[in-house]
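Pasting a structure below so you can have a look.
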Amino acid sequence: MRRGTIVRWGVPIAAAAVIGAAVGAGPVIAAVSGEPVLPERTAAQLLADAAAAVKKAGGPPAMSGTVQQTASLGLPALPAQGGTASPLALLSGSHEVKVWYGAQDRLRIALPGQMSETNLIVNGDQTWYWDSGTNTATKVKLPAKPEGDQPLATPSPTDLTPQQVAETFLDRVNEDTGVSVTNTAEVAGRSVYQLVLTPKAQSSLVKEVRLALDGENYVPLQVQVFAKGSAEPAFQVGFTQVTFSPPAEENFAFTPPAGAKVEEKEFGQLQEPGADHSKEAEKAAEQVKVVGNGWTSVAVLPFKQDGQAQESREAQAAKLILDQATPVSGAWGSGKMIKTKLVTALLTDDGRLLAGAVTPDELVKVAGQ
Amino acid sequence: MTSEVLLEAGAPSGAAPPAAITTSGLTKRFRGGQVAVDAIDLDVPRGSVYGFLGPNGSGKTTTIRMLLGLITPTEGTFTMPPLTTVGALVEGPAFYPYLSGEANLLRFDAADPSAPPRTAKARAAEALERVGLAAAAGKRYRAYSLGMRQRLAIAAALLRPRRLLVLDEPTNGLDPQGTREVRALVKDVAAEGTTVFVSSHLLAEVEQMCTHAGIMSAGRLVAQGTIASLSGGRAARIRIDTPDLEAAARVLAALELPDVRVGSDVTAELGGHAPERINAELVVAGVAVRGLSVVRTSLEDVFVGLTGEGFDVDG
Amino acid sequence: MSTADTQTGARRTPGLVPVSETRRSAERAAAPREPSVLSEPEPSGGVVAFWRLLRSELGLTFRRPRNLIMLGVLALVPVIIGIVLKSIGTEDADGGMGALLAATAGNSLMLTFVALSALVPLLMPIAVAVVAGDSIAGEAGTGTLRYLLAAPAGRGRLLAVKYLNAVAFSVAVTAAVAVSALVVGVLLFPVGPVTLLSGTTVSFADGLLRILITVGYVSAGMAALAAVALALSTLTEVSIGAIAATLVLIIVTQVLRAFPQLDWLAPYLLPTHWSGFDGALRDPIGDMSGGLLAFTAYIALFLSTAWARFSGKDISS
């Protein structure tokens, strides 16, 4: 090959290399980042700081940013959804949520879809839910506050903000768990402490949980759940971009636009229109039994297979998943096993649903109890 | 090499280098190994009309494409005047069918970075006038006849005063009248001092138009030089048609003509003798002369001698 | 370096005549028989000559009936959408695009966004692909490429002109849709404050500004496609081949995007980012930098590929 030819083709190759480097830079930097930029902390110190930051009476500092949630649970592929606003859509793929947090009573969460947007805006005693897809503004009446210090109920059935997810995991930090801290990672361009929680139980499907806490103010910026035998996180939620400064006031001001439908609803009814699961969910919740504790806890609940509301997307998706389940049987009876990277579920023929982040063997053991 | 070309471009008029185009070992091997042009060493003198002669497929167009920078030589080098001073007609005309003749010329003029935009229209009109297309200037190219298209291509090559004109088969598709016009045009252009490099597969054309010629065969340059030197490689002969073969041969030998041969007629190299003088001598010697002719070797003989190939007489 | 390479350099940089005009005039008088190359007026300079070639290129593109018809058809779509919306009304609009259509009936500016949503996935890319895919291959096919290069247009220079021309056409395509939709919208629907996707209401002027942002973003997306089509155009001498290859790429990527299993691939596909213009309809204006970066990456990669290919290509057509 001529030298001229090599030089010429060097240009696009260099361009490709630069682009490739830029595309891969995020994960690469996070993984191999060199010098620790934060002072060392013991896990205990950090845990205390973190717990204080999350539970602090004043709440986390004012901030805004983009939260990305990625799930690769190894679920069977779900049929394409009409809009990303469906909670089920959050179970697979990658989703972005914009968050503006002013104070405990000033919050805006926006879920952008293609040529659509769903917003939850909390401003003092006013809470609005805006869905551009249906051109509907819903004034939400929050249920009477429980006496707990949780300032805000989660708007979505899937926990979305790192704060909430972190809290759940922090509660699990006990003697079942190996805890270590790294101080070299970076999330959304900020130096973070990464708290690595490793379940000790053999039967847990979770390899480790990594919790990234902002190096300055200990706000959890990212949570990653790694399944055993997988290098990529099975579930991840975290900021891809974050600013710790009070967001513009306009974000919390909402007036229903002219021409929009305006409704008023209880918080619990704030679901997919036509699919009012809240009552059933409540009923189901009363019947849930938790067997075991910590990482290996298994939820047991009654489940009717001749589904209610077959037309709903959720039901269709459930059916699709069930069709791919493996039949299993044993001394305890028989049923269908669904295994994903992180969660195993067993639907017994006698009408019980067992689910947990445990190995199938463990689940079968619980089913036999 | 770059500096050499630049030097030539900027050279004062008095110090004109002797050659307009030189190539050295110029070679083009296409992918697949086919050698289209095989190490040719062209030497096109400045101010000449150089006939680049060879049958179709002998590598003429490939050479021209290399000279114009359209394809990269596999090996070898060449020097040329800068392309802004070269007008070219390569492998037939090619224009935008939906544009008028004039608009087409302006399009190609715009592509030349050194063409002065202000004079573009005037130059286009002049070029069209020169090839006899002034009346059809506003007509769409689509409606042009084959001959008009060829002329438009020549007009494009003449848009600016040129140092070198490269014309690849310029008379293709022209009627005899058009062919004559092109020849006249070439003569005109050459008279202005422009070097003309004209490729052709027609011998007669090259013999009539050119001062120099190079002969291509199967990718190789088998001969080049002035037309005179090429065809003069072998001397002209006198041929006498007579029943008195022996007597005639004696007379020619007595006149000291070299290489006297006797067959069905008598021939000898003419040397510097005047044919009418020889005729007189023959008559004086009582030889019955039925006919007397002078046979000059033509380019064709040279070519056949060099390559063992003939030309297709009329493309 | 081989000798052929040095020569290559020589022929690509045709020497300008570095002598002042006055001196050349004098020479002309002294040596009238010298070919008058040296007596030409001073060439107008690189930039001016570049603009001249670009103007010539734009003239070809925007006078060519085929291209005008494509622009006309694209400009017609908003008219049809507008008339249909006006005549059938949007009472039974339900969810998704329905609500957007309903919003259109309520505000003149929304028609622009509806029209772009409808045209950005396929029709506008087709128009851009036709012009950019034809750019080099078309000239090669008709043989005019050899005359342009012998002129000598210069390969890099010609490629730059061809790409800028394709970018201009991308902008024209987007502007044709936006302007047509704007005019039809103002004629058929109420003019006033605009409701954004976020539920915020902004003034008409703010709405116009957002349309301008949208036109810029969509044009950039189309310009990225033009770079792909231009690169394909340097690979062939059959313009329909380059155009068809570009269209196949668009359709294949659009199909790939429909598979949720391939979600991980989506951020790398060009069409994914085209619809990102809806960021202009959010409050605050959505982050479009991701899309613009993707467009830049596509342009850098494919333009440099086109250059590497074209500058070394043997032109044998």
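When the chains are written out, they are named A, B and C in that same order, and each has its own residue count from 1.
Going forward, a contact is a pair of C-beta atoms (placed from the backbone, for glycine too) under 8 Å apart; a residue touches a chain by one contact, two chains touch by 3 or more.
The structure displayed is predicted, hence computed values, not measured ones.
Chain contact topology: the protein chains form an open path, each linked only to its neighbours in the line.
Nearest to the overall CA centre, using the mean of each chain's CA atoms, is chain C. The most distant chain from chain B is A, comparing centres defined as mean Cα coordinates. Between the Cα centres of chain A and chain C there is a gap of 40 Å.
Between the CA-based centres of chain B and chain C the separation comes to 46 Å, rounded to the whole angstrom. Distance from the chain A centre to the chain B centre is 81 Å, each centre being the mean of its Cα atoms.
The set of chain C residues touching two or more other chains comprises 2, 4, 8, 312. Here chain A touches chain C in the complex through residues 2-5, 8-9, 11-12, 14-16, 18-19, 22-23, 66, 77-80, 82-83, 92-94, 110, 112, 114-117, 119, 128, 130, 132-135, 137, 241, 248, 250-251, 254-260, going by the rule given at the top.
For chain C in complex with chain A, the residues that touch the partner chain are 1-2, 4-5, 8, 94-97, 99-100, 102-103, 106, 113, 117, 193, 195, 197-201, 258-261, 263-264, 268, 275, 278-279, 281-284, 286-287, 293, 297, 300-301, 304-305, 307-308, 311-312.
Chain C contributes residues 2-4, 6-19, 27, 30-31, 33-44, 46, 48-50, 52-53, 55-56, 60, 64-65, 142-144, 146-154, 157-158, 312, 314-316 to its touches with chain B in the complex.
The part of chain B that touches chain C in the complex is made up of residues 1-2, 4-6, 8-10, 12-14, 16, 65, 68-80, 82-86, 88, 90-92, 94-99, 106-119, 156, 160-163, 192-194.
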